[in-house]
Structure formats: structure tokens, C-alpha cells
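Here the chain labels run A, B, C and D in written order, and each chain numbers its own residues starting at 1.
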Amino acid sequence: MAAGSGFGNLFRVTTWGESHGKGVGVVVDGCPAGLSLCEEDIQIYLNRRKPGTSKFTTPRKEDDRVEILSGVFEGKTTGTPISMVVFNKNQKSQDYSEIASYYRPGHADYTYDCKYGFRDYTGGGRSSGRETIGRVAAGAIAAKLLKEMGITVEAYTKSIGPAKTPEEIECYLEECMERNDSAGGIIECVIKGMPAGIGEPCFEKLSANLGKAILSIGAVKGFEIGDGFFAADSTGLTNNDAFYYNNEGKVEKKTNHAGGILGGLSDGSDIIFRAAIKPTPSIFATQETINKSGENISVNIKGRHDPVIVPRAIVVVECMAAITILDALLMNMSARVEHLKKFYER
Amino acid sequence: MAAGSGFGNLFRVTTWGESHGKGVGVVVDGCPAGLSLCEEDIQIYLNRRKPGTSKFTTPRKEDDRVEILSGVFEGKTTGTPISMVVFNKNQKSQDYSEIASYYRPGHADYTYDCKYGFRDYTGGGRSSGRETIGRVAAGAIAAKLLKEMGITVEAYTKSIGPAKTPEEIECYLEECMERNDSAGGIIECVIKGMPAGIGEPCFEKLSANLGKAILSIGAVKGFEIGDGFFAADSTGLTNNDAFYYNNEGKVEKKTNHAGGILGGLSDGSDIIFRAAIKPTPSIFATQETINKSGENISVNIKGRHDPVIVPRAIVVVECMAAITILDALLMNMSARVEHLKKFYER
Amino acid sequence: MAAGSGFGNLFRVTTWGESHGKGVGVVVDGCPAGLSLCEEDIQIYLNRRKPGTSKFTTPRKEDDRVEILSGVFEGKTTGTPISMVVFNKNQKSQDYSEIASYYRPGHADYTYDCKYGFRDYTGGGRSSGRETIGRVAAGAIAAKLLKEMGITVEAYTKSIGPAKTPEEIECYLEECMERNDSAGGIIECVIKGMPAGIGEPCFEKLSANLGKAILSIGAVKGFEIGDGFFAADSTGLTNNDAFYYNNEGKVEKKTNHAGGILGGLSDGSDIIFRAAIKPTPSIFATQETINKSGENISVNIKGRHDPVIVPRAIVVVECMAAITILDALLMNMSARVEHLKKFYER
Amino acid sequence: MAAGSGFGNLFRVTTWGESHGKGVGVVVDGCPAGLSLCEEDIQIYLNRRKPGTSKFTTPRKEDDRVEILSGVFEGKTTGTPISMVVFNKNQKSQDYSEIASYYRPGHADYTYDCKYGFRDYTGGGRSSGRETIGRVAAGAIAAKLLKEMGITVEAYTKSIGPAKTPEEIECYLEECMERNDSAGGIIECVIKGMPAGIGEPCFEKLSANLGKAILSIGAVKGFEIGDGFFAADSTGLTNNDAFYYNNEGKVEKKTNHAGGILGGLSDGSDIIFRAAIKPTPSIFATQETINKSGENISVNIKGRHDPVIVPRAIVVVECMAAITILDALLMNMSARVEHLKKFYER
């Protein structure tokens, strides 16, 4: 709610921080008490979004070390807010006067100025990719708790541009870099071990909240669940998943076109969704744009750019999914009178 | 928030009602005071979701008349909650004992039972298409207010299955009906007249909220904005939209791959998005499923089904978009100190 | 949140309706599934706020019959929104042109006009006492569920003006009525059977939410818990409640100056709070005020006024307390990892 | 909403941190862009809650220096989250094994254990007075913005125990300290310069939100607005405030029994409220309580205690009021269609 930096209902995440400020961070309010948690649990996830691990990610060094400032006592979460921070160490003193004077195509420069009357032009401010650090730190906690419940969230690259295999992808990205261009791609995510019946009807459907979570990540332009856009071309006979009792008498579905969600609630199958990531807007090639003096100009944006952000966005997708799933599991605990009564009989 | 039947922050919509209960309705809290409003303003929108207007929609008669119960005084909204109701008139007393005994494939029967321990099995209960009546009634108000501000929201059928022209669509649907099957499709929506800078950064991006709004509609399996999934195959050089000053010195973009949203905020171009609608799960063909006695069975679902819901879903998409856009416009009013001061100087 | 007609997090109440519109009502979202509920359960509570039951309440007849429009199936709540309405039957066609022209002292006429630019002047609009019907209908559900859990909420008159016994009160009210004046009073409320540890730390303290719930009732000007304002005059030695183990080894307190809440969480003792109700602003005596033409005037307000609203407000206090307590109990279910895991092991 | 560490709708505050953790802090989301802000603006407020400034506050040294980590660029707020932290410097390594073994009377030790299954027993954890640092830092921003709009919030000691003048208070506190006892008191707060019509009807009344804000402060046991509990003893004739046009034609009231709020909305007069603060529960005198081994015991709590917290709570009351008032002013901007249209005509 409110000004946009908070997400979730009972597991509530609030992120803060700019690319070139003192740091970036997150406050997690509503994490249940009693979860074993240390900084290393978070760091493992943060390391996965680190640049510089291949020739297709920016060579800049981001040695992001997370600190837990509150909410953990003797190695366990206390139920009170967990504040985490990563101090920015790589703030090169740089001349931003040029970039401050014009609006980069494909970036939020122009729209931020329209909204706020001015903007923090150093490194993209709040619209920087570093904003995702807070999401990943919070998501690492959610994912850890889910794992203890037998629920796993795993995302991976489905395609980069038209390329689908490692060889094709390497080849395609080299072509992009040669012409100072960039690439997009598709990330797929699978959630295993979900109980059935999770989510809320109507506006808080699990699919709607997963969609919002993923579409709130900077470069995401599309979201689909199960067969997604392909389902629009299918028919009821094909698209309906037949229920059956398996040998142990457990309910299963013969197919999973629905992607694990029916009527907004989980159906006990794997939840599968995909996110479309646009090509990185920062490219070295010359581009047309406008400056703040009312002129149409050509620009060459300097700096360090990832030719593709898909590899680094994978962990962000996983983390946003984990936050959403955990929040839905917490919300669901109060769905039935019988559970409420049993809970308080203890 | 909460149990899922509310949507929006400042323009807050709460829907209620089941298909076969006494009625369906909505409470709109936070509609600004002073909007001319009468029942006919709402009725026009409700009529657009009415079945029975072509051979491809269900022949059942739904004579849905809306009543405004509160919040309007002498023809104008008062700023207090607007309660609207449509009483159900078409409740055929019917035998539901069969449908109560098994889970329809592609429906929410099974997942509702998993969540709540039982369900209202008459006509789908809360997961019925009639739930959208409240959304449309609320959206009609939002759309009216937007129109007075010069902002229009228009949705239309982009495709039905693989068919794109009226002739192809008619032909395709007839084929589907002949084999007791159903069809899905894609709805596209264009929002014109948006000011730039609307939306909130981070989790409340305009694109994320539009995505949630649309994905919360029953049969929607995918959402994309601008070039959407196609952008994943594009490159930065192509996908970036170049800014320029037009002849009047106004900022425009040479292309609109972004679909009118940059960094989660509107950029002043048309907002364009698409929704993938799955094929209607209710079909006349024989299907395999399970009953509640632990048996794998075959069923033929009786009743009246739309072979395709796309035509009736168009107005629902428009209405959810209108609610989202209006809410974002209201939220944005407090973005700058200078506006706050000017507002209270009066 | 939002425009003010909603209350609660997981048990979410949205009220609507004006005194002289078509009706008043409420939507309850998030009531757990499986509660036995019929209209009579609600009606019993509504009857308690009915006027005309003594010579000190307004002689106007309000035959308020509640209808449940949704959310109940075969006598049980389904977990989906419960919509309830009371249609207004007693709308005397009356001449409001005089009352529309001026601002009644002690009423919201002036402030509503300042906020919205105009107001529904018939019967007070949204600031009417009839707005509480929705609160009572929702609270009746909460109270019923609490009762099944062994938790009772009971409010009663503590004093009317300076009078404390029935004889004193009758005598005092007769004096007030003789001089066309009105009286205020204090309502006390006791909640028995609360488990310990309910509430949230920091801003969502149970005491803070009870305070907001009660202070949101029209005429309430003060709220205190336990010893309340008296505690300000006490000392730590007296005010601290000593814990001890009783004969069954259960934790109890020797005194209850805290009123059952420590650090914002219930401590297992009775929760006790009081609300100060101001004298009814509508009186027959001549009063000075202003009209909308810029003149200072004297007015005699006609109509039917309660000389004291305390007796009718008792059930409203109970109901707001019940809503708050139930919401806190639902929120608390996700406080510990061990409970979460156990819940989903089933 | 959520787990309790967030407050406000559009001006949204999330606090975190424990007494003996690494630090305490706050994230302010939704502060309008363009406010001049530096650390000194915050520090001035924090210094006011500092202990050790008189013989009646704890002699422990808390050299709390605030750091702004985000949301301010070139001396102005950017509209994005403002993260502020005060690192804890005074963490004496101390033996907490004794205090961990029992429950202090009047503290949240027992209730936290009931809720979470265990607690951070070092220095009170989240229920410590240091939690208010985040509130004060956020409130300092709100107060600064309000001041620029001509609105001031000022709180002061009304009484300490039964004492009202400085001499009486000094004498009373010395008596308390001599017998190892502590004192409570009443804080009064006046808000000047409020426009009329601010607040929301029904559940989000300005009085209700002020009440919640103040009652969420640790030791507050009562809240009253205007005449408050005294109004319960008054009559309509006396308690109603007569409106009149003053010499400049401006609407004023002859009295202000209402305390500046009518029907939940500000009426343009000064807003006046009072908070009852209980005596500090930490006292040196011997007290009876229980330990975790099931025994009734006597304890002498060591450490450094304020004999009265009223002087240090004054700035907390001011800050919570400022946050509430600013949030209400922001919420009110979208109340009328005419304002919305005018805003977007620019």
C-alpha cells in the first residue's frame, strides 16, 4: 500500500535505498518467530545476483555484504522486524552532469521527473537494479522458511532472445555485444510442494499476487501462468486438467495446463509461471532522445552495462515468488472456524 | 488486503455475492465527492456483460438491474461509500446434488473445498462469473470520472483461439460448439489521455497493479504490457523508444514498445496491454474427474455454458483497468511538497 | 485504510449508508468458513440499539430488519464476503430546506461541507447514528464466533453525567429533559476469556486498536484501559500487577490495574476499558450558530432527539470491541514458525 | 497493517530495532518530494528524548546520532523511502541470565513469551523505550513539513501524579525516588493552524487515528480529545460549541469543548488532546512475581530506570501526532472531483 515500497500482507517487506546513496536495505515485518537465521543464509542469495560472474554481466565489482540489524536473537527470528542493510561500497565519484541533462530512452528518467519534479540522477536512483537487493534479502528469508516446510521455489532461464540452448545463447549474446546492443529473455519458475487451497478468492488470487510480484520487477513486461498465452489458442477439452486419485488415493491431475492454480487457489500441483524480461535499455550504441533544454539530441551512454539482465534477475524472480507464497500461506491459516478453535484450544 | 474481496487504495472497491444467492454487489469507498452519477451510468456497463446477445453467449436471461443504495445525493457522489446491488432474479430451483458430489475439471470446486472445508456448489458460488458484476459496477464509476478528465479506457477482442477476423472467429467458434468444446482468446486494452508520471515506484508500479487487476479476473492466465513477451525476443536498439519534442514542444516517443509505462510510471503515451483468457472450462463433452467418494469417474456437465467468455470479459477488463488507473491518479496527488502546499493555501 | 469506511485486517468490515438513503449495510470480508449464522443472530444485536424502548430514547420507530445477502450457505459462513443490509423504512418526507441552510453546533455539518464541498443534509447523512447499524451487524458475527471460543464481550453504563445508580440517572435525565438539554456518560466494557499474547507489538497494540475502534464511534471523546487516567496519578508500586501461580499452576495477576494488556498484548486477565460519550448535540433549546449566507443566527432544532445516547451506544461499543478482538486473534495465528509448520503438516 | 511495525497510509512509517541489538531505525515511505531535509532536522527531535538531562531521568548516556541512509538527494527528499538509523553504542555487556528467568511486573516479558514462544530479554527487546527512536525520527520529518504549511504540534507536561506546578512536581518526584517508587502523569498536546475538513468519516476519524497513534506508545493507558472524560459529565447546552463569523467573516467557535474535531473531521480550531502515562514499571523496590520454573518469587530489578518517563515521552507524543496529521492531510487531497480535475489540468 501507500507509496509503493512495501509488499505483502502478513509477511510485509519494505525496501529502501538508491544505487549511489549510502546503502540499500529492507525491513521484513511479520516473519514468524523461531526461524533459524544468520547473515550467511541471506548472503548466498545475494551472491547469486552479483555481477561479474561471466562475460555477459557487467564487469563492475559489487561486493555486497548484508548485515542483519534487528529481529534475530540467539540465532532465531523473534517475530519482530528484521532490518537488513547492504552498504554501498562502489560509489565511484563520477561526473553525472551530462546524464542529468537528458532522458535515457527505455529508462525511468523522464517519468520520475514528471512525477516528483526532479530526480536522483546518479545511477538511476530508486529505479536502479540495486533496488532488488532488498527484495532478494527478504526473499531469502521467505525461501528458507518455505524450504523447512517442504516447498521449493526454483527459477531458470527459459530463453535469451530467440536462443534456447547454452550454445545458441552464447552465440546470440556475442552478436548483441558486437553491435553494442542488448538482449531480453524469458525466466521460468517452478514452485514444488505447495498444499492445495492456498490463495484468496477474488482480487487476492494467488495468480494475481504472483503476477503483481513479478511485474513489479524493473524490466518485466509480461507474466503468464501455466499455459498462459498459449491457453488462449487452446480449447476446453485440451486445456482442462483431469483430476484423478493416484495409487495412494491422493488427488492429482493428469496434466497441468493450469500451472497449479484453479480459481486463484493452489491445486496441489506444481505452480509454473514465466516472466518476459525486456532487453537492457542501457546500450553503448548511439540513440536519439531529448535533453531538458528542449532539444532533440543523440547520445552515447557511457558506463558499465549488462548486455542482458536475465541471469541476474533469476534470483529476484525466485525471491518475489517466495515472498508471495509465504504470505499466502500465512493468510490462509485463518480461513476456517475449525482451525481457529483448534489453534486456541491449546 | 485482507480476505481478498477488496481492491485499490484510495478508490477502494469491495465486492460480494454468489451466483445463486440473493444478489451480488459492491461497495465503492473513496470515490471523490461531486461526480454526477445515476443508475443508468452503471447500467450501460452492466448491459455489456450480459449474456444472450449472440449465439456464442449463453442463452440464459440475466436481467441485471443495478440499484444504488448509498453515496449519491441529489445526483452527485457525496464522498461517502457508494453501495450498489444487483438482485439475482434467475435462480432456477435446480438439483445440485450431482454437481455437489464431484469436482469439475478447470473449475475452483476442488480448491475451494481444500481451503474452506466445504463450498457453495450452486452455480459456482463466489468463483462464478457473476462475481464480476460488482467489478463492472465499480469500474463504470471510475471510467466515468476518467472520461471527464479526458482519459479513455477501451478494450476489444484481439483474437479467439487462432482466429483474428470476424469471419475466422465465427467459423472457429462453430467448430468448437459442434464438438461440445470451448474457446479462449486474447483481449487488448488501450488507455488514452494519461498524464505522465502516474504510478508508484517499486512494488506499486502501474504495470504491476494493472497486471494484478487483470490477473484477478477469473479466466485470465497471462498479462503483458506493450510488446510484452515479444520484447523478450527483441534487442535494446529496437525495443527502446526514442523520445523527441514534437512541433508543439511536447514530449513524445517515436515508438511505443514500452506500452506507455517506463519504470512503473506512465510516460504520457497510450497504455496498451493484453490479457490471455483460457477456454471456458464448462463444456458439454464427456470429461474425466473424481468424486468425493474417492472414485475416478466420467462426467457430462449439464447446464448453460458460454462456448467463449472473451466477448463478455471485455467490459470486465476495461473496468478493472479504469479502477486501477483512477486509484493511481488519486495516489499521485500527494507526490510533491509543492502541490501539497499549493493545495492547502486555498 | 482508504477512505475510511473499512476496519480490520483479516476480519475486514466495510460499512455504507445514510440515514435517509435507501438503506444501511456492511460487507464482512474474511469471516472464517464454517460458522453457523442466521439473520436472527444479527437481529438480536440490532434490536439492542433500537430506540423507543424507554422514555429517554427517541420515540421514533425504527423497525430495522437485517437481511443477509451473501456469504452464508446452508446455514454456515462460506469464507466469502457476508453482505448485510437494513433497508430504511422510516424516511418521513420532511422539509430539510431550513436545516440545509445552517450548521448545527456539535454536529459534523460544517466539517463535512469543508471536506466535500457539500453534504447530504437529510438526517445527518453518513455522520448519522444509523451508520452504526453496519458496525453492529458485523460485530454480532464477531461476538458469536468469540462466544464459541469462550470469549465474551460485555459493555454497560458506568455513569450518566454525574449519576451512577438507576435512581440518580432517572432523576438526572428528567432534569436534562425539562430544560431541553441532553446528557453524556461513560460506558465500561469487559472482555473475559482472552488467551494471553494476543495483539501485535508497536503500532498494532491491542490497546491501540481497541482505542481506535471505540474512538471511531460518533460521540466518543475519550478512551482508557485498565486504570486509565487514574494510573497517571498512581505510582509504580501500586500500579504494577504482581504475577503469581494459582493453585492449578496457572499464571494470574493479584490485581488488574493494567486492564488485561501489557506491552500491547493481552495478558490473560480480563480486558477492561471505558469510553466517554459526549452529550447528544441535538437539543431542543435555542442555540447560536451560523448560516451559509454569512450570518450569525439563533436556531431551534426540531425533530426527534435522544436526550442521551449512552444506552443505545452500549451495543456499538461491544461490537467494535468484538471485531477488534477477533481480528487480533486471527492475526496472531501466524506468529510462530512452529505453529505454521504444524498447521501445514496436516 | 501486517505485523504491527507500520503506521500511516500515504505517509507510511515502519520502525525496527531492539534496545540491545545493532541499532534502531525507521523507513518513511511516501514523504512528498522536495522537502529540504538534513540529519540535523532529525537530531534536534531525537535530542529531546535523550535521558540524563535532569535528575529525574536515567543517568545512562545515550548518544544517539541519526544517519539518513536514503531518500534525500542534494538536500531534498526525492519522494522515495527515507531510511534512518541510530546505531546502538551503549550496549554494556551485562549478565541477563537472572532477568531472563522471570517476568517483570508491568512489563511485556510475559506477554511476549506467550505470543512468540520466547523473547529477546536483553533490555526489553522490541518493547523497549528505544523503539520510540524510529517514531521520533519519522515524526521530525512530518513536523518539519507541517511547520512549512503553518501547522504546529506542541506537547507538554500537564501533570505528574497529582502535581501540577514545577515545585509540586519536583517535590512529588523526590518522594517517589526516596521510596524506590515511580510516577506517571498526563501529557497535553495542541495542534495549531489545521485547516477544517481534514480526516475521514467513519473508521478513519482524525480523533480515532490520533487515539491509535498515541495509545500505541508504550506506557499510554488513556486518550481524550477536547473535554474528553469531562464531557461525559457535561450537557449538550454547555458542551456544544457555538459557531460564529468573526470580524473578518471567518468561521470560528466561541468555545472549543470538542477539541477541534467534529464528526471525526477537523473544524479549524486548535486540536487538543491528552494522554495518560502510567508510572514507569521498572522500580527499585522489591516486587512479587513468578519465574519460569513455576515458582512465586520476590525480585529486586537492578539497572538504570527513569522514575518518570513523561518528560521524555513528550516528543514521542508530538511526533506520533505529526505523523497522523500529515497523513490525514495527504489523504484529504483526493476528496473532491473538482480538486482532482484541477490538479490534472496543469
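Convention: contacts are C-beta pairs under 8 Å (C-beta built on N, C-alpha and C of every residue); 3 or more make two chains touch, one makes a residue touch a chain.
Keep in mind the model is a prediction, meaning the values are calculated, not measured.
S.K.: Give me the step distance from subunit B to subunit D, shortest route via touching chains only.
M.R.: 1
S.K.: With centres defined as the mean of C-alpha atoms, identify the chain lying farthest from subunit D.
M.R.: Max centre-to-centre separation from subunit D belongs to B.
S.K.: When contacts are scored as defined above, which chain pair ends up with more C-beta pairs, A-B or B-C?
M.R.: So, comparing the two chain pairs, more contacts are at A-B.
S.K.: Measure off the straight-line distance from the CA centroid of subunit A to the CA centroid of subunit B, and report it in whole Å.
M.R.: Centre-to-centre distance between subunit A and subunit B: 25 Å.
S.K.: Provide the C-alpha centroid distance between subunit B and subunit C, rounded to the nearest whole angstrom.
M.R.: Each chain reduced to its C-alpha mean, subunit B and subunit C end up 36 Å apart.
S.K.: Taking each residue of subunit D in turn, which ones touch at least two of the other chains?
M.R.: Residues 1-6, 9-10, 15, 30, 33-34, 79-80, 115-117, 126, 195, 201, 331, 335-336, 338 of subunit D each touch two or more of the other chains.
S.K.: Per the contact definition, I'd like the list of subunit A residues that touch subunit D in the complex.
M.R.: 1-6, 8-12, 14-18, 21-25, 27, 29-31, 33-34, 67-71, 73, 76, 78-83, 85, 115-120, 122, 125-126
S.K.: Given the complex with subunit D, which residues does subunit C contribute to the contact?
M.R.: Residues of subunit C touching subunit D: 1-7, 9, 15, 103, 105-108, 110-117, 126-127, 131, 159, 161-162, 176, 179, 181-186, 195-205, 207-209, 211-213, 215-216, 218, 220-245, 249, 251, 254, 258-259, 262-268, 276-283, 285, 287-290, 294-296, 331-332, 335-336, 338.
S.K.: Using the touch definition from the top, list the residues of subunit B that touch subunit D in their complex.
M.R.: Touch list, subunit B to subunit D: 1, 9-10, 30, 32-35, 77, 79-80, 145, 148-149, 195, 201, 329-331, 333-341, 343-344.
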